[in-house]
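Next up is a structure, given as structure tokens.
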Amino acid sequence: MIRFLLRRLVSAAGIVMVVAATVFLLFYALPRDPARAFCGKLCLPENLKLLRHEMGMDLPIWQQFLAWAQGVVAGRDFPGVGRCEAPCFGYSFAKGEWVTETVLDRLPVTVSLSLGGAAVILTVGIGAGMLAAAKRGTWIDSLATSLSNIGGGMQIFFVGPLMVFVLSDTLGLLPRPRYTEFGDNPAKWFVGLLIPWIALSVIFYSNYTRLTRSMLLEQFNEDYVRTARAKGMSRRTTFFRFAWRGAMIPVVTQFGIDLGVLLGGAIVTELTFGLHGLGELVTQAFTNTDLPMLLGITVLSAGAIVLINVVVDALYAVIDPRVRLS
Amino acid sequence: MAEPLLQLTELTKHFPLKRRRVVVHAVDGISLSIGEHESLGLVGESGCGKSTAGRLVARLQEPTSGTVSYRGQDISHWSRRRMRPIRSEIQMIFQDPYASLNPRHTVGTIIGGPMEVNGLRPTERGIKELLEIVGLNPEHYNRFPHEFSGGQRQRIGVARALALKPRLIVADEPVSALDVSIQAQVVNLLQRLRREMGIAFLFIAHDLAVVRHFSQRVAVMYLGKIVEIGDRDSLYERPRHPYTHALLSAVPDPDPDTPRRERIRLAGDVPSPVNPPSGCRFRTRCWKARDRCALEEPPLVRLGGNAEGHLTACHFPEAPTTHGSDVVLDPALS
Amino acid sequence: MIPDPSFLTVRDLYVQFKTEDGVVKAVDGLSFGLDRGRTLGIVGESGSGKSVTSMAVMGLHDPRYSEVSGEVWLDGENLLTATPRRMEALRGRKVAMIFQDSLSSLSPFHTVGSQIGEVLTKHTGASRREARERAIEMLARVGIPQPKLRVDAYPHEFSGGMRQRAMIAMALVCDPELVIADEPTTALDVTVQAQILDLLKALQEETGSAIIMITHDLGVIADVADEVMVMYAGRAIERGTRREVLKAPGHPYTWGLLASMPHLATDPDSPLRPVRGTPPSLLTLPSGCPFHPRCDYADRVPVDLCSTERPDLHPRTGHSSACYLSQTVKDQIRG
Amino acid sequence: MATVVLPETAEPTVTIGLSPGRIAWRRFKRNRTGVFCFFVSATFFIIAATAPLISLAYGKNAHERYGYRLLDASGYPPPPTGGMSPEFWLGIEPGLGRDVFMQLVFGIRTSLAIALIATVGLMLIGITVGIAAGYLGGRTDYWAGRVIDVLLAFPSQLMLIALVPVVDSMLVGPEEATPTWLRFATLCIVLTALGWAGSARILRSQVLSLREREFVEAAKVSGASPARIIFREILPNLWSPIIVLATWQLPILVGVEAGLGFLGVGLGPDVPDWGRMFLEGVQYYHLDFPYLLWPGLAMLIFIVCFNLMGDAIRDALDPKTKGL
């Protein structure tokens, strides 16, 4: 297990580095020059040159990348700005802030949004799926299935405003989405994020309902579930002790994918609800041609996605003893 | 003696297992020959390497070492191009009548495929003739495999093998997936083809009774090795290897009155081919095993009292009869 | 209605499945009985309804997709009308089942020991510890070496033969009075098959339970069965003791099965004599005797009886075959 | 007498001579939800294809500012219907005063075109890579696998936004203005480039299992070339997963394309686009909810119906899933 995790972590780090390098290259393929943008409209050539040097842009690309990578691992000095300790993702000239600090500052918003959303998605999705499977063929099943079909057709930029319009503007049941630090006021934190969470779960839960339902029904046809029935196990026992575990494997896979999407793709969600998280930050970084910020967030998201994959693989082994981690 | 049609010499196939630095000894140095028009049965329990041997002969796999000679030429490492002139002469019938036919092709396309590949123009008439030969309705030419039962599908597989007029057919468990009554139909069909068309067979099976019906010579495999080979009557009536005895005694017999020949109940299963036992590979389940069996590998030789061509690999062979033994090694039964 | 005195009585059992192509009559009016300590062999080819029968006795058919009617009396109790709760109490305790494919029939997520032990916990309220002790004991009894280690292994770590032994241990842990073994040796090599059959016989001698042995292999029947029932297209076409059915079979289909099976005593150079044709589809059974399209002797029966009237087994026990051929004609044919 | 094998007498009862594909089609036709949804989805595509004709019949186009006189001082149409009238069926756009119905019709046209082209593109790459990796195995498989891993690790929304200007600049010089058709091409390319990995991975595993099937071995024994095996034996068996994957991908891409428009990297303000309607709708919805509602409902109906049709196709192709 430990060897497996180590090996997977090494390869995960490799993938993240490749992602970082790709973003780096892509950025230099961009038709925009960050130094010129930062320098302003009336930019003197010598100022531009100086700025380029300060930003480290006069070096060959691979050296710039190495310097960046070195910063992540060992920290790095920025002439005229100061020392940046590891893990250093660089200095945002556009914002005049340390990337690491800014990202850490915004991180709680995105994490609250994603993890809270994920919790709602899992509860609602798996719950509805199990209910539908247990009551197969009844109106409960039809309702859960139809709702999940409708959810599958929703987009966050439609559901979000719709819910705000209905739940806050028209009915006044919930306040408009707004982020409050959890430490400051947990209740406010919770209420403020409730609409985004529900909206996210409307988008994503349908996958889980369908998956849980169809996997459970498939499990009911498995020979070993039949054996359990032949041993005198009740329907309830077979459901929770036997069918459930087999059904969870694809659900875990799907959750791994979706959690990555939630964490790395909060852009649209945050824009929809006007939350100031990483998604908003990355769009700003993009318009400002702010490479360090962009890189920092990309690497963080890619890292999260890859780590989640490792965890998912390890979970397989916990769920199913046939999966060997070697 | 005339040159055999097929000659395997010290044929070996090892499969490396991924990640762990070990190999599966699927086939470990087998030598045998098949003459023209002859049917050789290859029997053994699952995992003994008999299917791999068949696939090596059909050139679906490259041997690790050793040679496959067909009509005196060593074809074991020939490329697809070089094989072309003789490709049509060695054909194969597969075990699973469901997996061995492409579900998206009609019967006509399936049977005509090999002809096309070998530059023969498949004609509707020719294919219909083949269908008739294998006992199918020629009007079913345009149907798809899913419209046929298991036995009928297996006949389509036979027709496909016949399409190229082969001289040797490797039949890999051709009847083991079929129902009893259908099984006999297909065995009879193959028997007729062998007689009428003079095709030689490498007949792979785990059912000793079927092999006895179909093959003139029989080889018994255990863990990648041939432990006994001989003419049918000699092998079935006067087996010498304890494993052959055990296999024969386990064959079910529907006649409740058959005098009990012998009763041998081996303990456990075949050991893993990843790490086969030293010396004689059967020693771990053998009731006659002694120290020597672990140290020395018994050679495959003709023992005193055996007919010509009847070879046995055993240090302590059994008496040449199938009567008398009553060995029980299974702890749960004693 | 008073059930027959025998321990298990199945009367007029029908099992039908609704499919998109129509209604499949998987079991079509089946009656048989079995006494304690005896073994009934049910033999038939795939699709003959033998497995469906065993599932019906166990009450394992999903009522949403199937319709089961008739009577299954076990020890004076009609299983088809028993409540689900009652059936749960009976399954595993009084009636147990051994399945064919041991790899898919054992849960891959639980250790062998816990799967054996939970039967005990469920039916006797034994503690975890007792259940484990008993599981080890059972594993030893079915001949699994090092049972104390193996009890914590998962099914995929066992070989096919060992898994089948573990399955037998699981079925027998509560000393059931009726054991249904559905093709328990089909996936196994002959040497292992012989081990398993011997083991089942030995265990039956110890416990005195009744066994229904379902198989397609007449050799297995000859080895273990006391009584035999031959099934074809969802019906019993012949019934009798092992000796009667195998030595003096009365139905052309049984003749065909025996003649198509090669064995070591027959002349290897004489061709096998298979039944011609293929089994009928259960969606559209032939009229009359379902076997008549494949039967070589239907023309020996007067006035097209075979293709119009369905022959039945003689309702009472004893050797009987569902065939219109008279005994004299049969003797003539069998020579 | 029964020494030779007699011809089969019992006929199989299945309808004769139908290929697996035609049987699946029959099964699909029996699924009423599936057929209904097929017609709904088809309607969307017909609307998309005939948008100029609809415009002609309706008498308005997507560019003209018809309704500015109907807007109030801050640019909103009269609530609560957003200016719906027999003249403007779905109301008028806040701010610019264009006709919403025409915006929607032409928006569907652009979005579906992009999604369709991208689906075809990513399926083509997915099929090629999947077959190459699965059939050739070895090194090809290893490197294809690594590329897929990396691609799936990219935060997709972010990469989509980042890639659009890069591809733009690769197609035209940095200082030139980007023409609409070019941005259209860019969107197709980007969606394809980032989307093929998933399909390739699934098809690869399909090819891996097909490769081991005995009918492929039978072809090998007859001496068939790898090309023949791929095209004659394997590819015909891949059509089912390919169709299933494509019907699964298309609605996702419609959503993603709309998301791009929503993020402002769409086709620009002059071209009607589903996604940009959302972008504007989200800005105005407090005062003009219908403007957000129409594209939202249209997309909801399209995606739900397309998905249900996809489910029906899946059931028709694989009857084992019946009743799930």
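Think of it as A, B, C and D in the order they're written, each chain with its own count starting at 1.
Here, contacts are C-beta pairs under 8 Å (C-beta built on N, C-alpha and C of every residue); 3 or more make two chains touch, one makes a residue touch a chain.
Given the structure is predicted, the values throughout are model-derived calculations rather than measurements.
Peer 1: Based on which chains touch which, give the shortest step count from chain A to chain D.
Peer 2: Each step joins two touching chains, and the minimum needed here is 1.
Peer 1: Per the definition at the top, count C-beta pairs in contact and tell me whether B-D or B-C has more.
Peer 2: B-C
Peer 1: Report the most central chain, judged by the distance from each chain's C-alpha mean to the global C-alpha mean.
Peer 2: The chain sitting closest to the overall C-alpha centre is D.
Peer 1: Could you state the distance in Å from the CA-based centre of chain C to that of chain D?
Peer 2: The mean C-alpha positions of chain C and chain D differ by 52 Å.
Peer 1: Using mean CA coordinates as chain centres, what's the gap between chain B and chain C in Å?
Peer 2: It comes to 31 Å between the two C-alpha centres.
Peer 1: Between chain A and chain B, what distance separates the C-alpha centroids? Give it in angstrom.
Peer 2: Here chain A and chain B have centroids separated by 56 Å.
Peer 1: At least two other chains touched by the same residue of chain C: list those residues.
Peer 2: Residues 271, 273-274, 276, 278-279.
Peer 1: Among the residues of chain B, which are close enough to touch at least two other chains?
Peer 2: If we look for residues of chain B contacting two or more partner chains, we find 149, 151-152, 185, 188.
Peer 1: Taking the touch rule as given, give the residues of chain D at its contact with chain B in the complex, in rising order.
Peer 2: 3-8, 10, 12, 14, 16-21, 23, 213-215, 217-225, 228, 232-233, 236-237, 239
Peer 1: What part of chain A is in contact with chain C in the complex they form?
Peer 2: These residues of chain A touch chain C: 136-137, 222-224, 226-234, 237, 241-242, 245-246, 319-322.
Peer 1: Quick check on the complex: what are the chain B residues that touch chain C?
Peer 2: Listed in rising order, the residues of chain B that touch chain C are 45-46, 149, 151-152, 179-185, 187-188, 191, 206-210, 212-213, 232, 236, 246-258, 261, 265-270, 330-333.
Peer 1: Quick check: in the complex, which residue numbers of chain C touch chain B?
Peer 2: The contact residues of chain C facing chain B are 45-46, 141-143, 145, 159-162, 165, 189-195, 198-199, 202, 216-223, 242-243, 246-247, 256-266, 268, 271-276, 278-279.
Peer 1: What residues on chain D touch chain A, complex-wise?
Peer 2: These residues of chain D touch chain A: 149-150, 152-159, 161-163, 165-166, 168-170, 174-175, 251, 255, 258-259, 262-263, 278-279, 281-282, 285-286, 289, 292-293, 295-296, 299-304, 307-308, 321, 323-324.
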